[in-house]
Amino acid sequence: MTEFDPRIIAFCCNWCSYVGADLAGTSRLQYPHNVRIIRTMCSGQVFPSYILKALELGADGVMIAGCHIGDCHYVSGNKKAEERFRMLLGIMKTLGLDARRIRLEWISASEGVKFANTIKEFAREIKELGPRNGGKE
Amino acid sequence: MIPRIGVFVCHCGTNIGGYVDVPDVVEYVKALPGVVHAERNIYTCADDGLTSIKNAIKSRDLNRVIVASCTPRTHAPLFRSAVAAAGLNPYLFELVNIREQCSWVHMKEKEAATQKAKDLIRMGVARVSLLEPQEEIRINVTPSALVIGGGVAGMTAALSIANQGFRVDLIEKESELGGMLRHLYTLYPDGRDASPVLAKFIENVKNNRNIEIHTSSRVKKVDGYIGNFTVWAENEKGPLEIRTGVLVVATGAEEFKPLGLYGYGAGAVLTELELEDRLRSGLLHTIKSAVFIQCAGARCSDRAYCSRICCNVAIKNAMILKQMFPEADINILHNGIRAYGTYEKMYRQAQELGVGFRKYSKEIPPEVMVNGERARVKFYHELMGKEIEYSPDLIVLSSPLVPHGDVEEISKMLKVPLGQDGFFLEAHVKLRPVDFATDGIFLCGTARAPADITESICQGYAAASRASIPLMKGYVQAEAITAVVDETKCIGCGYCASVCPYNAASMNEKTVAAEEFSYATKKSYINPALCKGCGTCAAGCPAGAITPNHFTLPQIIASIKAFQPERYTLAIA
Amino acid sequence: MQQVKRWLVIEMKSMLVIGGGIAGIQSALDLADRGFHVYLVEREPSIGGHMALLDKTFPTNDCSMCILAPKMNECNAHPDIDILSYSEVAGLSGEAGDFSARVMRRARYVNEDKCTGCGECRARCPSKVPNEYNSNLDTRKAIFLPYPQAVPRVMTIDKDHCIYLTKGKCGVCRKVCSAGAVDYEQEDTFVDLDVAAVIVSTGFELFDPSQMPEYGYGRYANVITAMQYERMICASGPTSGHLETSPAKQHPEKIAFIQCVGSRDMQHNPYCCSVCCMHAVKESILAKEHYDESQSYIFYTDLRATGKGFEEYTARAEKDYGVQYIRSRPGQITEDAGTKKLTVWYDDTVNRKVKGLEVDMAVLCTCLVPAKGGEKLAKILGIEIDESGFFENMDELTSPLDSKRSGIFIAGYCQSPKDIPESVAQGSGAAARAAEVGSA
Amino acid sequence: MKQIIRNTKAYYCVECGKCTGSCPVARGNEFFSPRLIVERALSGMKQDIEGDRELWACLTCEACSKKCPSTVKYSEFIRGMRKMAFDSGFTSRCSQGGLLHSIQRIHSIKDLVQDRLDWAKDLKTSKKGEVLYFTGCLPYFENLFSAFVSPIEIAKSTVKILNFAGIVPAILQNERCCGHDLLWTGDSETFQKLARLNTEMIKESGASRVVTSCPECLRTLKLDYADLLESTGIEIMHISELISSLMKNNGIKFNRSGIMTYHDPCRLGRHLGIYDAPRDVIKSMGELVEMGNHMAESSCCGVSAWATCESMSKQMQVNRLIEAKSTGSDTLITSCPKCLIHLKCAVHNQIPVEKEKVDIRIEDLAVAAGKALAGD
């Protein structure tokens, strides 16, 4: 059996986290290949339904990354994202899905290292959890 | 429209080509449904790369373009203009990042990196198929400005806007222009008389044909948005209605009257402004000693902020007293002398003159004991470890600047926020000091925070600069990527209006008329002139009535789907 | 031979902005947004100034690069802004409304139009040079981009350290550049620009604290400048955001911040540089955020928290981050030769006793002094400079943005000490003054 | 007091505390604070200053005023305050029970005839000449401190070097104390008398150049006699400067041996800015290894003007010797007789640390140079 190679989708806001991911690249920080980034303008633009859709369609983990609280390019979009994420956590629990499969991270434009480390950690954690349809869930 | 997609994969020298099998990627992409053209370039961003994009759009009749190279953050504008140059709407373009987010971060696993590049481009293809052309709308601007507040900041802003060739309405609630400057005796740092400075300002404003002055006038109502505001004001002659393109808030501040503090009210205890008033009117009696008390009512629980200018004001006034009465003992009791920047020089001059500076302890503020016309001050001197007492002829309280009583009213009228300290809150404290988050409204002077004359002048010019940009252009270019409301879906809950940081979403009265019934309700309207496209409203709209253009639900879902879920089994009900 | 190229000006008048820090960027954007054509001249290879080197900004702790980079890119993409980086103004003639400026474009030995900024050359360049953009805490190559977000994204060859340009050997960068951008034959060139008005925003540089031997900078490894601290704690800096003591490479537990190093000092610079107090408060907060066990001490003279929200910020630092404020300028720093720990000797006002505080790291908040070359530039422009090196105003009180020569305006730190928002306000304000000239 | 504040720019004090944080005395004496004395003066508290015994604790070493951000001339300020206190009847708690100050006051007797030239018997000297060697109090120090140091060797070596270079210096039989110590302890009246007596004799000697061994004499003659001597054009220099110039111009050379470190005397260094000349000489005699605190940052020998000697002084001396020893040098060179006496005194009796830590030879620059003269 081949090793489990998780599929992760990351929604990154245009102003901070996407730039942080770029910085990880310009700094040549190596991290697991499992992540696929989708750029949005703001973490507040991420519909909660995107996360469930991704899980539904086979993603093993989904991350939303935005500017640190207080740094939002749109003043307060990330605060809204935070509220919605709390709601998603509730849904995950009710669904019986492991809440660790979804993640909300604040990653600034200068935190290339944090971006790479977050992906490393997330990929490792998802590997431990196994495939989302691996039986238990 | 059936998508005809062209994909251009960049080697970026070896930056991508060295870690991703680019020819393999191109072969893969060619086979994707919708893709009619795929090629690779050593540098897509170089002249020849851009030329081949333009040529392919024409020769292959492309209606969507993807470049797979580096980050859109730096390169999207370049490719977009190439696409536009070939006659295609620039928003029918997508940049897929396979360098920063692929080749550079998976340098030791070429196979996985190649697979990831394919995945990312496939996701891009799915998304670009659904993209729609976007038009950058222009909103015409009424070429005039309205400045609220005729103090130094407001007059400066009005003059500068007028000198750039625009009509300005200057509204002042008092019967004369000048604001705080009217109450000052001299100005620091050079101690010159305030009145000629004031006179010169008023003369310049009055002689400027572009400025219409409205004294004794108050703003009553404001409506509209950038480029198209209507302001209703009132004065003794009657109501005014002014149409204007931009607004500048320069409403100033006033001196805090420290009632109940430091013996204020007794004959020997004055505020700085009261002292300046006596000096100007020549009513100050001879003194043998004076004590200034700094931070009288500031940096305390009621007013946490530092009022910035009071140390400099006290130093200036102490020097005046010392020059008038050279033998007098003049001491400034302070909790840190904040003569910032080059005002340090003035602090040194006061020392040279013999003005005393004694530091009191923050925990044990000075105490004033009033006995009829006499007053004593005692304070704890930390360094000496003991109390020191003075019996001065005069006690001057350096009290902070505080917002006027009517700021809340103005804040509500303009829908611009106030900060915790009651001063107006700018769009961004670092990089947008004189802008409000709402486009077309600007801020300067002590309405923003305590500032001195020079700083108010700088800010007046700054607000003038920001305000004149739309006036000079004659239009505002709204963000192409904005959110739009589908009124048939909108349930009028008002969520969007409550979360929008730019006041772009508002609720309008509407009548829904159907065949069986009709009723009055509210519907959301998002003003494209104000929307910045963050999409926060859309993501929270319970009815799904709001679409964030260019990042629509179907577009994003298409990307998510195209991520090829071969493990897809579970359907969540 | 010097090449002189005359740049043609069409329709709207043009403007010259000298200095591409945050003040100059703001001026350029404000002017270009209303249709003037702007030449933004910057001495360094990239615009961005000192703000590009900061980690966070007070009092909001916004990430500096996150808010600056969009403005830098906006300048780059703006159809009405020409960035002339690695260039200096060499001459100015004419009068307000009709100046002719001569700009020297220093040879960067890389063709700006061809370079794609891919970095292949840099990866292969064998010559390592102390990296001034990281306060010399690490090295860069002789062919370099100051930092990843640099604008324009074009390589520059440091001719003093390029092996080919100094010894005639190597040539690796030219070989590997598939864009054919490397050009060792490039020479300094001059361009003449017709402009209506000039804005000077040349900013500052940092005081060298080795002039104050009592603090041991340069002698003691753990005495660093605030800018070095800033680079260290910045996630994209040389230590990837980690504070490290030397030689133990451990996170410092106790950190002393020393204010007014070279400022408010009549032996060095008499003025207060206006920003160091807040800067230290910010850096103390960052220390605590990075390392919960850390303890910061700020040795101040008057703690000048005068800007909007500053007093509240300093109070929060004390309450929530345990920062200790000590009203004293230390007299001396000594080092334990064995442990390399430092002792800061200071007079404790409250207890009226001289104490030696042992710390792992001492951060010198050095004075910001007007950028070098100000005197030369003043001569070229025909404006005046004061005894501290700041450009003089037409009237220091009522015309703070006008120089003593009509049509030339001043903005930012080069006018007098100030922080970022004030520099931005002046940048905008000077643009308004220039636009008044341009509209006349 | 207002005049002193004015003259010394004490009004510029912003109470920043850098002086106190720099002060070697305040580090061990919690009652002493330079900024507190200024703050009291600025607050007009004359009596608090005069009655405070800590007024006399200051070493006037200028460790503070060298770095005062407000450029307060602190040593001058203290001198002024002491004069004010002295005039009101307060005095310092002199070391040696005030014996040295008595000698100095006796010197002010106009007709005093001293017998102080014994040491020069075997050397070439004269009564008049181009170069005058101002011996200072060395003969008296020899009387007082011969138990652990021989200060008169400094005079002998100095003349030896001069003779070697072909210079026959004039020395004065009735040279008076320069008055430094009295000046710095508030007795400016006696100082004036001494200054006048000395100037007359110097002028009479016909010298165009005066050389001193003692940096305190140097400072006093150079700065505090300025109004008496300035018009004469007489050049005043320290022996280290003279040796350094002899090395350059007359080709004087030394035999090189050993590793040495150098203690800057406060008067020579911070007061007069002479840092390089003694180092030039040392570098030609051997290898120079600097201590961490050197030049402007040099520590103090712990006593000045014989005003106060206390446990603090001893602590400072011992610390200095530990610092010197830790450089790995075998000799600590200084160029002030008083520094020499104080540093040697510290290790003469019991010391609070292990002997190995402070076990270093202490020698005056002129003595070391005299021994190392090449071709002697």
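Letters A, B, C and D mark the chains as written, and numbering starts fresh at 1 in each.
The rule is short, and it goes like this: a contact is a pair of C-beta atoms (placed from the backbone, for glycine too) under 8 Å apart; a residue touches a chain by one contact, two chains touch by 3 or more.
Just so it is clear, the model here is predicted, and its values are computed rather than measured.
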**Request:** Could you tell me which pair, A-C or B-D, is linked by more C-beta pairs in contact?
**Result:** A-C
**Item:** Chain closest to the assembly centre - both centres taken as Cα means
**Value:** C
**Item:** Separation of subunit A from subunit D, taking each centre as the mean of its C-alpha atoms, in whole Å
**Value:** 73
**Asked** Could you state the distance in Å from the CA-based centre of subunit B to that of subunit D?
**Response** 63
**Request:** Return the distance between the CA-based centres of subunit A and subunit C, expressed in whole Å.
**Result:** 35
**Complete:** Per the C-alpha centroid definition, the whole-Å distance linking subunit A and subunit B comes out as 31
**Item:** Set of subunit C residues in contact with two or more other chains
**Value:** 60, 62, 67, 264, 266, 302, 327, 349, 352
**Asked** Which subunit B residues touch at least two other chains?
**Response** 73, 337, 348, 383
**Asked** At which residue positions does subunit A touch at least two other chains?
**Response** 19, 23, 26
**Item:** Footprint of subunit C on subunit D - complex, ascending
**Value:** 12, 14, 16-23, 26-27, 30, 33, 35-36, 63-64, 67-71, 292-293, 295-297, 326
**Message:** Help me check something: in the complex, which residues belonging to subunit B touch subunit C?
**Reply:** 12-15, 42-43, 45-46, 73-74, 77, 160, 163-165, 187, 189-190, 192, 197, 200, 299, 304-306, 308, 336-345, 348, 382-383, 385, 419-420, 423, 428-434, 448-449, 453-455, 457-466, 468-469, 472-473
**Request:** Spell out the part of subunit C that touches subunit A in their complex, as residue ranges.
**Result:** 55, 60-67, 69-70, 148, 234-236, 240-241
**Message:** Applying the document's contact rule, which stretches of subunit A touch subunit C when the two form their complex?
**Reply:** 15-16, 19, 23, 26-27, 67-68, 70-71, 108-114
**subunit A partner contacts - residues on subunit B that touch it in the complex** = 71-73, 97, 99-102, 104-109, 112-113, 115-116, 119-120, 123, 437, 481, 499, 501, 532-536, 538-540, 548, 551, 553, 556-557, 559-561, 563, 565-572
